[in-house]
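Both complexes below contain subunit A, partnered by subunit B and then by subunit C.
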Partner chain A sequence: MTLLDVRGLTIHYDLPQGTVRAVEDATFTVDRGEVVAIIGESGSGKTTLAMAIAGLLRPPGRVVRGHIYFDGLDLSRLDDDKWREIRGRDITVVFQDPNTYLNPLMSVGRQVAEVFEAHGMGSIRSREVAERAIEILRRVRIQDPDKRYWSYPHELSGGMKQRVLIAMAIALKPKLLIADEPTSALDATIQAQILDLLEELRREMGMSLLLITHDLGVAARIAHRIIVMYAGQMVEVGRADEIMSDPLHPYTRALVRSVKLDRKRLLGVPSGAPPSLISPPPGCRFHPRCPYATEQCTTWRHTLYVRDNRRVACVLYA
Partner chain B sequence: MSDLIKRVKAAKRERTMQMWRTFRANRAAYASLYVLAAMALMALIGAFYTPYDPYRIDLSAALGFFSLAHPLGTDWLGRDMLSRVMEGARYTLGISFAAVLLGAALGSALGLVSGYYGGLLDAIIQRATDVLLAFPTILLAIALTSVLGVGIVNVVLAAGIATVPIYIRLVRNLTLTLRNEPYVEAGRAMGLSGPYILFRHILPNLSYVIVVQSTYYMGITILIVSALGFLGLGVPKPIPEWGTMIGDARDYIFTYPHVVLVPGVFISAAALAFNLLGDGLRDALDPRMATLLRRA
Partner chain C sequence: MANHIINLFVSRAAKYIFCVVFLAAMVFRFLAWRGLQMAITIIGVILVLFLLVRVLPGDPARLLAGPEASQEDVEELRRLLGLDRPLHEQFAAYFLSVLSGDLGTSYRTGEPVIAEIMRRLPYTLALAVAAQSLAIAVAVPLGIVAALRPRSMAGYAASIFGVLGSSLPVFWTALLLIWAFSVELKVLPSGGAGTPAHMVLPTAVLALFLMGNLVRITRASLLEVLGANHVVTAHSKGLPWNKVLTRHVIRNALVPIVTLVGVQFGTLLGGAVITETVFGWPGIGRLVVESIFVRDYAVLQGTILIIALFFMLINFLVDIVQMFIDPRTRNV
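On to the complex of A and B.
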């Protein structure tokens, strides 16, 4: 059963220096209960894509083309009031840096309780709402949740704060949880705990998880499917295990190789940086860095070729 | 679950105590609190009881120095200075307090709206603020009284409105910063509405700045109110508002300085105490600061 259906989504940022083509023609689905990871470097458009799905895209960013269908609803046609209802209840977001995404002057428990209040489930001051918030804190494995309810963000560790943010996101049993680099600001040991927690909660509550990350290791740990993005375009989509064992696109190959930490083969990882999205290179956007690039790559038009149950955007598989 | 409520209440009490300890660590601020409490008490008592009638003229006792009968001496009409200072405290402190309240409320509201919503509204409010900020606060207050006329309510309005532009700037600038805080973004992601974010997340985060700033402004406003009184533009004459008292007695400044110095010392003490109190509050009200101090 499809929960999220993104079709031909194109997002531009209109800046004085020119138009940034942040996301171009993104098309994918997320099934109920599925974990999909979107992976790419900084500036590949993955966060922009996630913000658009959560309705948090701000000017100068704008959706130029395409649709986002969520649970049969066309999100691109919603007004502000309807959006507010959906955000926090059906679609929620866990952000990257737990240190700045909590209000420093409000106890963490009340910030969880606030989600209930915002969606008309009683006042933040009522005991009932407080008890529900404590229950949610317990659910994200916070020790002594009734005591922690009155803790302020500066009294908690980064991992704890991330748990609080996750608590806020799962409080109303959302259908889709978008996690934007949920572990990037954390220590390696805490990273694994947070990922396992997300996976556990997903299984318990049957929600879908859209994981945005630059870390292929993180994606491989819990994702069912992986979408690889490069310079605003999807370059490969497939099952996580298949992508890890047999990457097709040259860029994906480079990524997988870099994770496997094979010193000799690491030499094959292309150097350089992703291109400017104001004036991207003609043809395949990866060709300036690609070891397999040929003449035809400079004129090739971005297409996703279907190969078994994989989609890949490289002329090698045309 | 009642056990839970008890523990929650204990944790809250502990937090308040923490603030109080931080505040007390600042000796000057703590002392100021006593000075101001004494002055407030004096104003309160002055409303019901003064040793002499502050308006009764007794020329036989005129210009007396400090004595047992008149602890703070008498003025050139033989009026008891202590009684007059007690009576005047109510006016000086009350008017200043009301003016700061007015300025803070009006200025903060305009600053919040201006900073959060932006656009044309922001542009209009800011240009008006520019114009008002071009005048020094005291000059603005004088200009306002000359338009409004003399009288207690008008002094409150003039001194209050004169500080509004400064509050607008302060609050707007903070709102602009806070508006882009990740937790405001997170609030939007949780489905919170604009006014909710404004009052629950932005206002509390700048409220301590408003409180601290208002404490400092109490000191400045006392000076403004007294200056207006001194110039004869404030509280009208027989009323012993402290500034009015000084203005009234200025002929005796060289011959009998105590007539001028007594209200002067009270004005200075009040203004100084509010400034020191502001320093103490600034340290105590910022929870991040509190933790830093506790560790230090």
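On to the complex of A and C.
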């Protein structure tokens, strides 16, 4: 059963120095209860895509084309009031940097309690709401939740703050949780704990998880399917196990190889930053770094070719 | 279930007791620390004032007695003030008399300095409170609207205030307003004190001056917070816009605004020298000017000491307010 259906989504940032084509023609689905990972280097448009799905895209960002269907609703046609009902209840987000995504001046318990208030379950001053918030803090394994309720963000560690953000995101048992690099700001041991917690909560609540990460290792651990993005475009989509065992796109191959050898840097492709999205390379955007690039690649038009269970955007598979 | 509720209650009671004790300990530590800081500052200020009269060219007894005193009076004063004794003894004596509230005697009026200051203080206080309140009441809402709707009337008004308010010289706006309201329209007195009407023009002039910076800080601070990540989180919860604004934007934007208001108010309490002079307003600022012109050093010393005390007091209050707003400033 499809929960999220993204079709041809194209998002630009209009800046004085030019248009940033942050996301081009993103098309994919997420089923109920499914974990889909979006992976790609930083700057490949992952956060932009996530924000658009959660209705949080801010100017100069703008959806240029495409549709997002969620649970039968066309999200691009929603008015503000309807969006407010969905945000925090049906679609929630865990952000990348727990240090800046919490309000430093408000106790963390109240910030969780606000979710209940926002969806008509009483004021954050009410006892019931406070007790619910404490329950949720317990649920994300925060020790002494009734004491922590009154803590301020600066009194908590990064991992704890991320748990607080997760608490907000699961408070109302959402249908879709979008986790945007939920562990990249944390150290390795905490990363694993947070990932396990997310996966456990997802299973208990039966929600779908859209996990955004630049770390293929993280994606392989809990995702059912993986979407690989490069420079604002999807380059490969497939089942996680298949992608890990048999990557098709040259970029995916490099990613998989470096994960398997536990290297931080991409193997097999020249290092270098992903291209500017204001004036991306013509043809395949990966061709300047691709070991298999030919003349053809400079004029090729981005297309996802279907191959068994897989979709891949490379002329090798045309 | 009953057990659970009792547990909850006990833990709540324990929590409150814990909180109260903890808070009291923190407040005590804070006060002790700040008290020490302020004491040191006050000693420093008194020392500087003490030395000031002694390093100024001329004879301190002559300076303190005033230019018109006879030689015998000066000698008398020298002995009275102990100016013939060693410096550290003199300082101890001066320090103790200041602590006991004795700021010396004005040579001009023969009255205790403290009495003169107390007579002027209400005027300065009234003007400062009125001007600062007016400035806050206009500038803060204007700055907020300007940040939210830069292309609205308020947005343009804020830009104009922001540029003009603090860059037009006070004497110029004062003269302009006197010309308009006293000379042409003849609706307000051009100077003096006594009726509420006398306060209108000086208040307006000062408020206008304060508003410039206040509008700009408010607008800039709000814009900064509006772009902060925690605001995105607030939206992601589905929180209505008015709650995002009051809880997550305006409150956070207050920190620099409160700091500026503290500085502005502290400055006003030191006497708005130009405004008080132009409007003949009998406040602290004019007292400073007058005592300089007639070399009434005892009055000058006393007034500066009071101004310094006010500055410290305001700083202290600002810190307390910041502690209420921002929990990160609560551990000293």
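Some observations on this one:
Here is the rule we use: the second predicted complex is superposed on the first by the 311 of 318 C-alpha atoms of A that agree within 3 Å, B and C clash if a C-alpha of one lies under 4 Å from a C-alpha of the other, contacts with A are read in each partner's own complex, and residues count from 1 in each chain.
Operating definition for what follows: contacts are C-beta pairs under 8 Å (C-beta built on N, C-alpha and C of every residue); 3 or more make two chains touch, one makes a residue touch a chain.
This one's a predicted model, so the numbers in the text were calculated from it and none came from an experiment.
With the two structures aligned on subunit A, subunit B clashes with subunit C. Using the contact criterion defined above for the overlaid structures, shared-chain residue A:Asp25 touches neither subunit B nor subunit C, since it reaches no partner.
Legend: residue contacts after superposition of the two complexes on their common chain; A:Glu181 is shown touching neither subunit B nor subunit C.
Look at A:Val115: by the touch rule set out above, it reaches both subunit B and subunit C.
Contacts of A:Gly88 after superposition on the shared chain: both subunit B and subunit C are touched. Of the residues of subunit A, those at positions 54, 56, 83-89, 92-93, 95, 97, 100-106, 114-115, 118-119, 146-147, 150, 152, 154, 165, 168 touch subunit B in one of the two structures and subunit C in the other.
The part of subunit B that touches subunit A in the complex is made up of residues 1, 4-5, 7-8, 11-12, 15, 181-183, 185-193, 196, 200-201, 204-205, 287-288, 291.
Residue ranges on subunit C touching subunit A, taken from their complex, read 11, 15, 19, 228-230, 232-240, 243, 247-248, 251-252, 325-328.
Against subunit C, the residues of subunit A that register as touching in their complex are 54, 56, 58, 83-89, 92-93, 95, 97, 100-106, 111, 114-115, 117-119, 146-147, 150, 152, 154, 165, 168. Looking at the complex, you find that subunit A touches subunit B at residues 54, 56, 83-89, 92-93, 95, 97, 100-106, 114-115, 118-119, 127, 130-131, 134, 146-147, 149-150, 152, 154-155, 165, 168.
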